[in-house]
């Protein structure tokens, strides 16, 4: 028994670390940080039977989860609604609307073109407003362009928006005024090129955090987001364009909704326990509302495609659906950040399965190969 | 220690790193316990039983360091046959006067010797001393005045040579008396009294004794957990007995270390702002008819040891204070010293305030409205003053009680009715003034002024100096005899102009230090108290500090880095006496002057050089050979032999048995606290029979029934007050600061889960704690660190009460000291706040008059009267 | 600042031209970061001191800049503390410079309900007057026939937080006044 | 869209830019830089005095962080944040510390009834300071001073869009207060919950490892004040070596619970610049058991974003193709 050995060592004064005062001074100084507690005593020998009853040690019910007084492990985002969910929603709307606008221009759907382009620049701009409004120091917004960081989706997004809003604006202006059609066309192409990026980068933005429900959903989140964006853009088209021009909008909304619902479902399933935040609490309520609204919107839009009113109502429902999805994702993420179990349990499971997160494969030499672990994880 | 002195605790950790075992004995599991190897919870108030049990173990198993105790202690000294132990008298010693509640110590003496005096209570036997003029002052008043602090420098008066049996076999020798006295402190008894399981207790005994002796030493560390009891001095005495038996005094790694709570609390005892002492532990004179300097010295000082030179110390002090006015003809102005008549401690002062006799009050860097026992009485006392001066950094509770004190809320006081005139003067911080602190190791360290104080803030040096200057100016020309001491006072300190306050000057602290150090007839600085004369040719403000300004150099400001000197670090600051770091370190060598063992060498006799040498400065006459034996007519230091390490003691020995100097017995004996849940299992004597309570009877200070007395069940729980790492004492320096306030923002109490369940206390909720004095509320911290104890077959719970809070500052709450009573240690007059009885109930306390009513209801339920708990 | 400098200070430019293409370190160091200097290094003087809290007596270094205390740290030279400080000692800067410090004399007249301001000089004079009067009122030459030569009218509490020199002057003054009810925390 | 492996990294080798054992200062373009500095916090000698919390606040002039009594043992600070850069955790457990004898006995107490989630119970739902079920005669009180980990791969820094957060020449991670615009991105990015936004100020704040002091060779305030040397500061290589030796000596001494946290340069954040010796699982102290820098997955994220964007384009084209019919 190590106890007794330790005690015995101490007693004999042999083999113990120690210093002696001698006539010549102090011998063998050891710093205080080398102190060890609980090695020099033993529990009283002869046993303390009444204190040591074996076999009664209860277990914490959920043995895989302990925490520090139920305090969250990560700090919850300080982002607030409506700024940030609005930013996510409007970005998606803008990006997809730019595509719709370009297509409408190409296929000669003037009303759809105009409303999509105006909607795109307005949404893009408001998205920016939401972002800036949420800053702790809004007057320092320009610092976003101080640096270009590929590692920061927000940086990438800021540069994107900085490029996108002027071209989307130019495209819209040309479409509305009919002036400078060639420049307008070029701007339209540019906006349509940047649009998909604007619609999708926000998925990377929220996934590139330690918020379990966001980060762990990074594989599906971009598809959820572009799907949601497409639904919104389609909805905008349905709401604003005459029935004759809404075909592509309806189709886009249909595709968007299908994509969104399918990938969302897949994401929730894959997330397992963490995915429950998407069906619980405030986040879950928004997500359910989004699903209902988008399904209702799409079904209504298809069935009522001849009715201007029905189309408009369904378009509005789709916009609301897209917004609700973003609000839902936003709040679900907050919920997952607030409860330590969403952080601890998956990590603990990883460890228990002997698959800790590592960077060991960085022995690879090429930069591209640095992605290997996540690829492997995906497989 | 980790709680209250974290930086000091690094040395405990260092010792652990070197293999030391750390045992923490405390009712609570604290930060210290967390790092200790063994935590031993014991019932608060039973330390003497615990330590006494270890003494019994040592004696019964002959684990004592025999050579050490034979040579260096009074183990072999034979006592008079009149002595009766607690064994004979069921818990009291011979000489108890039950009327006066005092002991006559005459029967505690050594065989064949005349009446002797000792350091603690030297004036006790003033009346008996041959050569003193008989007066009529009550010896009771003298005994009650108490001189616990005089232990600070030790000292004892002995006339004649005691009979000694070096074989320790004589039935009346101290060793045998000790053995009989502690024989009943068996492991079984320790378990029943203290709640410490026998196997744990045995382990402590074994660890301690195995680690003591020639090759090893053990140290004891205590704080106010020991002093704040009705038997506080005897707690420390018990440790002293044990450490003597084990040979752990005067040796490296040994000793008993008091961890004191304030930067210069040691200094304020050495240079005492205490009623019963003059600087350097010279007692304040008691009132005796026709007492002059000679009879004072005769009555107070011994023949042998350094205290034999008390006349030189006293005369030099009088010369420092009254300079040219102090002449041999006028007894060096000895008559200028005011005289004591009994105890005038802070608690008597409060009674005097309540009685209307004490009308003016200075509160200087202290917060009695929170920090003193039964703080309500402190506030009520202040409300009865004519004027109050508070000097502090912030508007502490002691300055603001008249507008926001608890009694305003209960309606017991009304601001408009309070006639006290209050002056609040902002104080300067240590960074704004020069001066020295004396730390808990008796080491003076100088702090230099960094900046001048701003606004009206001034140093207390400035305050004292200018107050004295103004008073002297106002009285200038007075012919009234009562003003002579003021007008003759030497008060002409050099000053420095304050740059930021034109016209204002600051006295020079170093000049004051020079006066404390003292000078010779030519005004040259002294370097040692051995140079002091009793003819008025030397002046010295505090003889034990003599040498701190030797060579005209401020030794307290020496700062040779630790890394550039040996491990004793004598070149950092200056420690009294004579810069010695380990007191009585002659005992680190055997009688022949050789270190007891190679690995425990500290000082030793170098035959070749015929000098004491070592790492530390020898606390011994450097050239005195171990083989020196004094001639029979020698006196003073010369009368000490080469084997007498305890140079302040009259016999040069350390005392296992204290024949004189303590008011409450020559040997520590376990008594139950003033308020206890159990009867004393050792004797029928329940409490310390001479504990100090009677002068304190007051309606706001009712005691509770104890043990099996009816009504005791109304207050079923033990309580202790204490400090935590996050705050400083009464909070004046911590609760007002955001960074500390946020660490412990509210008053809380600590209770075990068992107690919480028993009383329905909610974790992180509120509880009300009630005693016969007051009730307070606190947040509840339910923690397994508080453990129930089985005492005498009954499960007992402790309520832990940190006492830092008050109504002021950022971190607020009720003051635990409002619950405490005023039952004091008779030697030191320190209150018993480390153990009491209380009730605890869920929820917040009543507001307004209902708070007072709740306390009264408890008093009624417990049947409390003014006589409760005052039994002898 | 010229356009060239402006551009050269633009981290994007530094990203493109320097060693930090990802813009995570050298390229993005700000002007403030480039000119950081700790106040413990820029102080005018370092004054040796001792911690004012408990009696362990830890060494402190007090850093002074422009006649203001700007930092208080443990003194590594001290054999007592080796440069370390506990939470209370660590808060010394806030203790001596914080907002809780009072710098004005306050006066509460008898039966008053609020503090009033008072000039320090006046306050000292008033206090001296009261000491003289109260001392005389409480004066005793004798008690039970024994000479006592003292006043019971005034008392003092405090000293454990004060310097030795301060305690010395206080004890000296109070004793000369004949006041004996002089106490401090050591009793408590 | 630019995935991470674009060719802008022409001069420095960007191997390990997002994970793995690298020299972060060199990665950041600091040539000739001093050794990487860090903390080794050995909680086995921590006495929980909180000197580090106060020293940190004094040096960095951090605002007071709330006067709240928590019921979390002696911890009223609760966690790291904008106004708390050092946080001492207090954990009361029914577990033995080697062969230390705590002397307590709580036989009749069902800690699970009092705190159903054990130490994971929030104090307001607990009847006692939440503890870990175990033998009623066991008790240990763990204390640990937490701080920013100064990760080798720091997500906060990676996601910062302004370059306010940057890697210093000492390999530490510092917020530049003259740059931060309070976007808040770094806050959820941190896998440890270290950095946070100061509400009235808007900017993000965290431990700087006393960057200003380091520039003149001074020790960070917390490490300097630590009464028992629980917080050790120095070149990371030295600290890692010392920690290994310390771990071995604790294991030899029977403190088998001791483990190092954040020392392994191959963990999910490439090793911490401030690492710890713990006496229980990390989550017991409020630390994530297996943290990963979120940007490890960023390349995959960008690819997914690219794919999603392409899908959107495809959907739009299809919509116009199909739109003629529906």
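Chains: A, B, C and D, in written order; residue numbering restarts at 1 for each.
One rule holds for everything that comes next: a contact is a pair of C-beta atoms (placed from the backbone, for glycine too) under 8 Å apart; a residue touches a chain by one contact, two chains touch by 3 or more.
These numbers come from a predicted model, not from an experiment.
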### Innermost chain by mean C-alpha position
C
### Message
Using C-alpha centres only, name the chain that sits farthest from chain B.
### Response
A
### Query
Does A-D or A-B have more contacting C-beta pairs?
A-D
### Query
Distance from the CA centroid of chain A to that of chain D, rounded to the nearest Å?
20
## Note on the structure
Note: chain B sits from chain A at a C-alpha centroid distance in Å of 64
#### Entry: Centre-to-centre distance between chain C and chain A (centres being mean Cα positions), rounded to whole Å
50
### Message
Distance between chain C and chain D based on Cα centroids, please, to the nearest Å.
### Response
35
### Message
Among all residues of chain C, which ones touch two or more of the remaining chains?
### Response
11, 15, 22-24, 27-28, 72, 84-92, 94
### Task
For chain B, jot down the residues that touch at least 2 other chains.
6-7, 10, 13, 34-38, 200, 203, 725-726, 738-740, 743
#### Entry: Per-residue multi-chain contacts in chain A, two or more chains
31-39, 41-42, 44, 48, 146-147, 149-151
## Note on the structure
Per the touch rule, the chain A residues reaching chain C in their complex are 145-151
### Query
If you look only at chain C, which of its residues touch chain D in the complex?
11, 15-16, 18-33, 36-38, 40-41, 71-74, 83-94
### Message
Quick check on the complex: what are the chain C residues that touch chain B?
### Response
45, 47-60, 62, 64, 67-69, 72, 75-82, 84-92, 94-96, 98, 100-115, 118, 120, 123-132, 134, 136-139, 141, 143-188
### Complex interface listing, chain D residues touching chain B
45, 47-51, 53-54, 57-58, 63-71, 73-74, 76-77, 92, 94, 100-106, 108-109, 111, 114, 123-124, 126-129, 131, 139-143, 227-229
### Query
Can you list the residues on chain D that touch chain C in the complex?
8-12, 14, 17, 24-25, 27-31, 49-51, 53-55, 58-59, 157-158, 163-164, 166-168, 174, 176-179, 210-213, 215-216, 218, 221, 224-227
